[in-house]
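One chain, chain A, appears in both complexes that follow, with chain B as partner in the first and chain C in the second.
Here is the complex of A and B:
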């Protein structure tokens, strides 16, 4: 094809031209902002994802230029491709807003709402979704389904109770690793992510399921309960890694690297590299390289200022210089109290980030000898 | 110059009248006001012996709450610390081990929890932020101290007595002896 004809599509009264075969969701993301429908299961970097969570429902008020009839039902925008002259209503349609609130209520039916203990809190898509599109209450009054928590290999913790069955992790394992070892067992209400017969996952790229999980179902065991994401400072860094791109975000608290993740774009998806491939990172980078010396720091990561993660991080801040020393002719101010002499928290000789799993009562017991 | 308020008065610089020059009537007027106060209700109280009733919304020293079974309610979610405008609260979390279920309510708990009372402004935002009913501002003042290090309150200072094992202490702390 020499000259590819572009389709004109109007989403929430904003017209954009996109290539044929683009989904409505991706066209809306090109416009950006509130026009883009939320997506819990669709992941543009994973083939075949989408169509499961129904949060991206939109109303098509005009099918195309040739057939202007509206579509009778709301459609999942991640799986519906655009037609020329299509008119789509997202937030301008009351039906969509109402349906989306219903979908959120549905997704939260079995969700334990244990955000205070969940490590995903603060960067959880389900939190954002329910905050922005959900209703305040639930009408569900039955027992929520519960599962035992489960270790997927030595680094990944699975909390099946939090899972919304988006299948992103299954696609990741399927497409990134050459041998798929986990999937969804059982059906309907009993469906759960599992590795068959407790088979542990030991592929180099399996850690990426943590990044693709939109909720806190799959979390990093090396970061488990160590700190809250909004107290950490994200910094872009890279390293010469033989297996992966080595492009990561380090999450600092003071001088300690608490966790390593892939770099995520504004849609919460792992960023693309300049050559078009996705910057998935390997398990070595993610779980084992937790010293600043392992990395070349590039600079602070930009976080949307609406995110709780950006709290306390000021951009372009001008720090006033210390004047006391000048006034006192070079004499240093007397330190009245060293906080470490009293405080038990954040003691200089204990590096929480270097403990392998979550900290336990032994790690905080001064009577017991240190393991490392 | 334009006046900023309508309440300003020009200073009266006229020479004193004979009545004013006598002084004694003015002195007597002042003395009578002072003397009259002896028959009025005393507004002050003798503080350490007597105390005033606190308002029900008084925000004093923090306590960390336990549930009815004496388990700590705090899960170290960090919402109090992020809500704190003075950055007075710090904590470190740990995972509950098997056998510690009678100590901590949830699988995650605060292994260390500290409030720097020198920083705290007693605004009560931590209490508002807490999703687990774990932190409350009580009706007590922070006691005074000569050293700064006495104002770093750890978990042992903040936790309320266990209602199961230290029921009498808890009643005493609530003032129901």
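Here is the complex of A and C:
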């Protein structure tokens, strides 16, 4: 192959060289870390995806070497290709931070926030996004939009109320399976994911919609309410599958396999195989092979995403200082109650049931004047 | 009487039919264009005419045409945008219903200029009776050798197809229109690529408004330079305005763009003033998406100069004190109208019409509607007004297509100019249900003038 000319692009003051045709988002992912904008709808393995959620908006402060004018509007980095000499601001732009906070707020106003009963919790991109870019309260004071739950065939449940309309599942159904039976009905905030006249999704590869869904709108019925993902241990395994690559991640608790998923990279996307194709898995591997004996085990899987799944296995993390030990003069705490003996505000002898309404710190600190 | 280039023959008996239309000088531009001109010289004439798109954005048509890609062996398409669904805009309907041949004539010339052998009219679904009129005109034109194979023996082939929409405002956005034309869900595409490079069926495509394409007829007949002499500055030629609301004579008017807003509202030739002796309160001068202006800023600019009915003058002052020509839907509000209620009505429309692809537009339009409803029904809070401002600010400019902006602008302008009316609603929840806000200080400039 002849030497391809590379484009220089600077994102948040870090310069990188990428092939022409690369999107700003992909260039930023090459740099990694906080420079990579969050992406809720773009999925590099799905043609045509992206541009919709608007979480990946960035500011182009210099268009290119040839035409240095800045772009007037923020652009969707997942669908904007780099130019030679382009300069992009992501987290270094106040406009971007503000717009992104707006997008997160919009995505949440109609979201049920039912994380405590959602199977996706712990590996949900909307959770991550809200922690990183959201605000703590909501300014939305109206009833939230709700839909009935639907079982889409034997394996998949659609919880439309949680859907953020990223269209990933639509592209998946369109590009991976041979019939088009899944799409979007209606417009605007009343739009919904639907199968054509309530047909169930029975294609061999349809289970992949569960993996591409960034939220808990499409979940695995065979895993429903069985466990929390952060209690499970991911292990890479493979089998000789006549339908798909057979390369999966098994999710164990003890020696029981609770669920099977495709292998995902640090951006939450299904990995590529050495031949460049995507390692989608078939329904048989995903839903029917739940015994260790079905698989050749490769070893524990590293989850590089900053997700609760990787608790205890974070890479490059700075641990906070052990303040409790300091407070206890070097003694390891036996119980959290230990702290009470040295804390100003806590009075273990206070009977909570005697306090009217929720307790206030003043209730524990007699030194302060009581509030009415 | 102002110059009329489009509607001059509108009242001729039977002008809807080919024979009458032809006798009145119709289809001359096709003969001239196909026999005496080349596609390039037509584009040149349109450039010289200074014609700007009449669909809302006002983009120079000649320039748009010159952008169309011409890859070898790939067909190109012209698509006429007849989706006209913007509240307050109904000029294309009038033109198609009464002068269908004018549109067909413009389409043939434009198709020749752009090299489109298959041209489409995408028409709003609710205009249920108009496709028949257009199809009849197409049949007549074909029967007389102006459409079909080898038109007028020049070797140019052209067919025009009428495609009915299914009732979605968003399908007026050019890329959503193309998707819908292709038989898909009408979601706007992410640009680039622009339609001029990759449009319908991935072929180079130009989408133009009905009125834009009709205006090509007088441009070819009289020459671009002559056309450019009508009007003022960059607002050349004539413009159709559909006027509605509290006026004595609602309807479609063709204006040359030198008349003042005041003349347009009060002269008997146009709107004929405001009924029942009421005072003018506000006006949305270019279709529901453009900023609303209070009477004082409508008739005079912030600098105290007369405001005229043209692109530059209507946008004088930017969004702070000006508005836009938009699609020419001129909505007049008298002193009895409530700006909060009006804004709520518009917000409800945009919420209903958002395609739902981008999160800020999908969620933000619904949120704004709910807050406006609360304020309108006396359940609002002071902080809601700032919240509304914040929501619209975060929609504007952050979406795929301009519907997001179109939803944000009316809310922004209403708060900008009528904040006290919103506050009055919040502070007087009961009274606001019974009577309209007093408005003395938006008083009609007419009282001063007359």
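One rule holds for everything that comes next: the second predicted complex is superposed on the first by the 306 of 372 C-alpha atoms of A that agree within 3 Å, B and C clash if a C-alpha of one lies under 4 Å from a C-alpha of the other, contacts with A are read in each partner's own complex, and residues count from 1 in each chain.
Criterion: contacts are C-beta pairs under 8 Å (C-beta built on N, C-alpha and C of every residue); 3 or more make two chains touch, one makes a residue touch a chain.
Here the structure is a predicted model, which means the values were calculated and not measured.
Of the two partner chains placed around the shared chain by superposition, chain B is the only one that A:115 touches, whereas chain C remains out of contact.
Within the superposed three-chain model, A:191 lies in touch with chain C and out of touch with chain B [touch as defined at top].
Touch criterion met: A:99 reaches chain C, while chain B stays clear of it. In the superposed model, A:224 lies in contact with chain B only, and not with chain C. In the complex of the two chains, the chain A residues touching chain C come out as 50-55, 57, 73-74, 76, 79, 98-99, 102-103, 105-107, 109-110, 139-140, 142, 145, 164-165, 167, 183-184, 186-191.
Those residues of chain B whose C-beta lies close enough to touch chain A in the complex are 75-79, 81-82, 90-95, 97, 100, 106-108, 111-114, 116, 131-132, 148-149, 152, 154. Chain A contributes residues 114-117, 121, 149, 224-228, 230-231, 308, 311, 336-337, 339, 341-346, 352, 357-361, 363-364 to its touches with chain B in the complex. Considering their complex, residues 168, 170, 185, 190, 351-360, 362-367, 370, 387, 393-395, 397-400 of chain C touch chain A.
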